[in-house]
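Shared between the two complexes below is chain A, which pairs with chain B and chain C, respectively.
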Partner chain A sequence: MNFGRKLACAVLVLVMTASVAANWLAPAGYAKQYREATDAPPSSTHWLGTDAMGRDRFARVLYGTRISLLLAPAAALLSTLMAALIGGLAGYLGGVWARMAMAVTDLFLSLPWLFLLITARALMPLNVSPLVSVLVTFMLLGLLGWTSAARVLCTSAGSLRASDFVRQARAAGLSGQRLFWVHVVPNLKPVLYAQFWISIPVFILSEANLGILGLGVAEPMPSWGSLLKELEGLVSVGEEPWKFVPLILLVVVVTSFQFLLSGQEEVAA
Partner chain B sequence: MRGLKWRIAGHTLALLATVLLGGLLSATLVRLAPGFDVDERELDPHLNPQSVQALRDARQQDHNIFRFYLSYMKRAARGELGTSLSLGQPVRTLLRDRAPLTLRLLSMGLGLAWLLTLTLALSAAWLRLSVYDALTTVLSGIFLCIPAAVLALLSVLWNVPGSLAIALIVFPRTYRYTRNLLMKAYSLPHIVTARAKGLGEARILFWHVVPVVTPQLLAVAGVSVSMAVGAAIPVEALCGLAGIGQLAWQAALARDLPLLVNITILVTLVTLLANSGADVIGYAVRRQEG
Partner chain C sequence: MKRHKSNLEKMVKPYGKSIAIALLCLGMLGHALAQGGELRFCLRTEPKTFDPLKVEDDASGAIRYLTGGVLVRVNRQTQELQPELALSWKVSKDGRQISFHLRSGILFSDGTPFTAQDVAYTVQQLMDPALHSPTGDAFRSGPGNVETKVISPTQISIRFPAAVAGLDRLFDQVAILSEHSPKKEMAVLGPFMVADYKPGSSVLLKRNPNYWKTDSQGRKLPYLDSIRLDIQPNRDVEMLRFKRGELDLINSLDSEYFDKLAATSPQLVHDAGASLDSEQLWFNEVAKSPIPGYKKNWFRSANFRRAISQAINRDDLSRVVFHGHAQPAVGPFSPANKFWFNNKLKPQTYSPDAALKALQSEGFRVENGTLKDKDGNAVVFSIITNAGNKYRERMAVLIQDDLQKIGIHVNVVTLDFPSLIERMTRSFDYEAIILGLTNVDLDPNGEMNVWLSSSENHQWNPQQKAPETAWEAEIDRSMREQASTSDVKKRKEAFDHVQEIVVEQAPFIFLINKNALSAISTTVHSTSPVILSPQTYWNAEWLTVSAK
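Let's look at the complex of A and B:
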């Protein structure tokens, strides 16, 4: 592991630990309002100031990071499992199944990702409780984000199906189901891992986009998307630079993931 | 020539099938979405029971998905795309009025993105300086890590045109592929030999590199249209530009499903046309080169 990757790993561990320890590190809960100090600049009490409703920004950044960093991998896991099931099985079965799976994949891929997300999000009720909005947002990411991974897995499973060892196993009388679970799936693991890691930064950025557009996590629950929505009220960049902390944190985390992924992308392809 | 015709026919069929299937899928989702069969007008205390019943009867035909979809397609074939629930205007008028701005924004954004991509990628391939290559990669990497909506917000703060925001959203994605393609092409044995023999850079580029990379670059260009359409949503929504992207956002926020279905079909059509066009041109180029 080179220095860049080690640094990226350390940054991710640090951010993740801080967000998990939000209950102890944050001066107050993410929804607690200090009505006497709304829109306050950074001080010894509020390290990153307060927002327009008087909520401590540092606490909201910590809790928001926890939500985004825990649920993005959960959504990535869901999408990778779906991709493995749909793409892997279709590729293994081949023929009409593979063609059908690829037609559905093409249909999803023909729409721009953000457009597909806002369309699907609009189909769900928008006036829901904050917790439900968190679940809906990340479930949606997981349920819609499987397509490109499925395409890769379908191709990989297809080439495995035609490989010598699978042919020999089939000739030896191994059943289709056993062949799939014992010989095909374990060989798809590197591609599955790569797809899982690639999906995480994509989902973090997608949640941020949805949040800024008002279609993500509902108030008062914080997430990187809802925290970045605050930038909308800025008049100039230099005016309140502390409001950029969530953005800087997001860029640092996504960059760290990109560093870690630099080797994985070749496997995924 | 015959192969090209078959390819065009194949793409047209695939386009038709995708639009029909996509439309059916959208109609099904609209039909199944929570709150589909609810009309707020029914809550109006001024309406008598007969009027409320009339409103319910009017929605009766929408209950069967296939009948709903068939009647929608019939009307769409006549150019009637229905009426927006949130804006109260015909969808056709809304799309017609907003399309020019989006088209202008997309064409300028894509033009700028490709200008930046080709300038940086070509200079990286020509110079072959590891420092310069690392700098351009870091630059594109930074833009790749910033959410598209934040770039749109920053463009408002810095008072720069929306097309530049679209360019900066698309550029890092196109740059990565283009740089890799050019680097690979410049390391091909015949191009290395041509360089070693002292052939001019312009001649190497136009005679040896361009023919090699054109088909793949065309494919990336096709995909970049889809990226730009996706980028138009946050840019138009947050920069206050009244285009189709902003319309899609407003429709999503208001859960204006009839409007959203029409925009979905339109966007599918545009992105598929761009990808099919790129594929057909790429095929024609490959054939011409033999």
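Let's look at the complex of A and C:
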């Protein structure tokens, strides 16, 4: 592991630890409104100041980080599994199955992602708690984000199907199911890992995009998207640099994931 | 703390008064010489039309205001009706007829003379069903044709098939067209005329050389040579351009921007006080809506709605969300509407304890921090609002926190606007909504479509075949009563009664009235921002711009 990846790993561990320890580091909580101290600058009481409703920004950043960092990998896992199931199986079976699966994938890829998410979000029942809204938001991301990975896995599984060792195994009389689980899936693992790591920053950014549009995680629960909404007023950018903290954190975390990803790609190669 | 005088102060002090007088004279001279120049501000959307009869958007409305000549004008400062192209007018007792005595010797911008024939032509065009004029809709009080009778070149009488409440004030929106001008709607009687239009970029208005008004010294108005209206939907860009001096005014300012600008340049910002616009919360009372029956029972209970209203801290909504640039709302009309506001109404006091007591008297009880109804159902509901409107989102979050104090759990959901409208008007699949009403009309007749139970915009329970409650029937009766008479006193009494019922029954829980905020460069003179639209340039013909 080179220095860059070690640093990325350390950053992610640090950020994740801080977010998990949010209850101790920011006992005020993310929802408590200090209505007499709205839009306050950083102080000893509120390290990153307060937002427009007087909520402690430091607490909201930590809790928002926790949500993004715990649920983006969960969404990535869901989408990777779906991709493995649809793409991997289609690639392994080949022929009409592969063509059908890829047609469905192409159809999904041609749909405008954001529009689809907004529509799906609008069709959801209204009376769900903020926690459920978080889970649903990331589940939607997972359910809709499998397509690119499925194409890659379909191609990889197709190559494996045509490889010499699979042909030999088939010639030796191995059944289709055993062949798939024992010889094909283990050889797809590096690609699966790579797809998993690729998806995490994508989902983090997707949630942030939804949050900026006000369509992500429900209030009062914070997420990086809802925190980034504070940067909407360009005029205020230079005057209140502490509002940049969620953005800096997002960039640092996504970059760290990209560093780790480059390591996975090397493994996959 | 001792303050040290600067050298400049020491030099100036002995001559202070003389210098001050000299500076004042210079300022006045400069102002007097400031005739001419160009005023620049932004339209936030592309104007959809230059035809004054087809106006339905703000941008086209702004151009109509600056270019259109009207018979009578509502003075945006006093809210009184004042003569313009008409020297005098008279409305018949039955409210069906209006007679105007017009000024003579007036020319359209292209030199065509203005006569009563033009007024007749305008009214006929306005009421032509094929034109679908939004301005004309306000005059449609009953079936039948409008009759115009030109008595002389300066006298005309217009008769409507049924009484039109507030008939004379409606002519504030009717820009007179020329019957004979080859330029059609581009020939105008207002202070400015459209000189150039670059779609997506700007509209240039130039002084109308034939404008009829003069100042007390006989100088022709308007003072300005031109007005450049840049089409700019982005508020941030508008603000930056204003700060850079590329724009002279911002007509309707956001409270956050207002404060930021006030912090650095307090002389540029103006808060004219509460406007006519309101923000409100309402519950879904539609009988056929797909929400559980027990929730329908809560929402259809006036006691429940009043208790919710009492548990909302409107002072905090005003202070926290709008930075103090909003007033806690009292009822359906803002106190800014000087004549029609019912002065007997008092602001709702914030009292979570009283709200809880009222709910307990209805059989609600608090168990483990959660309010439950008499059947044991936890009081949980969602409030939806349009995504991207940060003020409404923030109000919803504050209300969520306020109601939590009496054990009510609120889920705040922001939806894209089309989805919200779909739920609000078609599927009725929602529980509570926060939205706003933009009032441009002082007269309650402009809100007939909100208060009549049969109306589509009777949002809490629209399109009722017959009023479902006694109080809605009473509102219907009073609204029709005020609309069917031209007796202003009777109209006022009827609408006061409507306001009292609305406050008592709380179908809309009125939250705040936003203040009219604007920003005006110090290079623009004779401005006097008001609460009525257009807040900053309502007296455009009197404005002057000095050199930057």
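Criterion: the second predicted complex is superposed on the first by the 249 of 269 C-alpha atoms of A that agree within 3 Å, B and C clash if a C-alpha of one lies under 4 Å from a C-alpha of the other, contacts with A are read in each partner's own complex, and residues count from 1 in each chain.
Note that in this section a contact is a pair of C-beta atoms (placed from the backbone, for glycine too) under 8 Å apart; a residue touches a chain by one contact, two chains touch by 3 or more.
Remember, it's a predicted structure, so these values are computed and weren't measured experimentally.
**Q** Contact-wise, after the overlay, does A:214 reach chain B, chain C, both or neither (first, second, both, neither)?
**A** both
**Q** Quick check on the superposed pair: does A:232 touch chain B, chain C, both, or neither? Answer first, second, both or neither.
**A** After superposing on A, A:232 lies in contact with both chain B and chain C.
**Q** When the two structures are overlaid on chain A, which partner does A:126 contact: first (chain B), second (chain C), both, or neither?
**A** A:126 contacts both chain B and chain C.
**Q** A:25 in the overlay: touching chain B, chain C, both, or neither? Say first, second, both or neither.
**A** neither
**Q** Examine A:114 and indicate which partner it touches, taking first as chain B and second as chain C; both and neither are also allowed.
**A** First partner only.
**Q** For A:106 in the superposed arrangement: first (chain B), second (chain C), both or neither?
**A** The first partner, chain B, only.
**Q** Per the overlay, which chain contacts more chain A residues, chain B or chain C?
**A** The partner that reaches more residues of chain A in the superposed model: B.
**Q** Which of the two partners, first being chain B and second being chain C, lies in contact with A:53: first, second, both, or neither?
**A** So A:53 only meets chain C here.
**Q** Give one of first, second, both or neither to describe whether A:35 is in contact with chain B, with chain C, with both, or with none.
**A** second
**Q** Starting from the residues of chain A touching chain B, keep only those that also touch chain C in the other complex, and list them.
**A** 118, 121-122, 126, 213-215, 232, 234-236
**Q** Could you pull out which chain C residues touch chain A in their complex?
**A** Interface residues on chain C, with respect to chain A: 236, 239-240, 243, 256-257, 260, 316, 319-321, 380-382, 384, 387-388, 390, 393-394, 396-398, 400-401, 409, 411-416, 419, 429-431.
**Q** Hey, which residues of chain A end up touching chain B in the complex?
**A** Touch list, chain A to chain B: 103, 106-107, 110-115, 118-126, 201, 205, 208-209, 212-215, 228, 231-232, 234-237, 247, 250-251, 254-255, 258.
**Q** Over in the complex, which chain B residues touch chain A? Could you list them?
**A** These residues of chain B touch chain A: 18, 21-22, 25-26, 29-30, 32-35, 141-142, 144-150, 153-154, 157-158, 226-227, 229-231, 233-234, 237-238, 248-249, 251-253, 255, 257, 260, 264, 267-268, 271-272, 275.
**Q** For chain A, which residues are in contact with chain C within the complex?
**A** 31, 33, 35, 38, 52-54, 118, 121-122, 126-130, 133, 213-215, 218-220, 229, 232-236, 239
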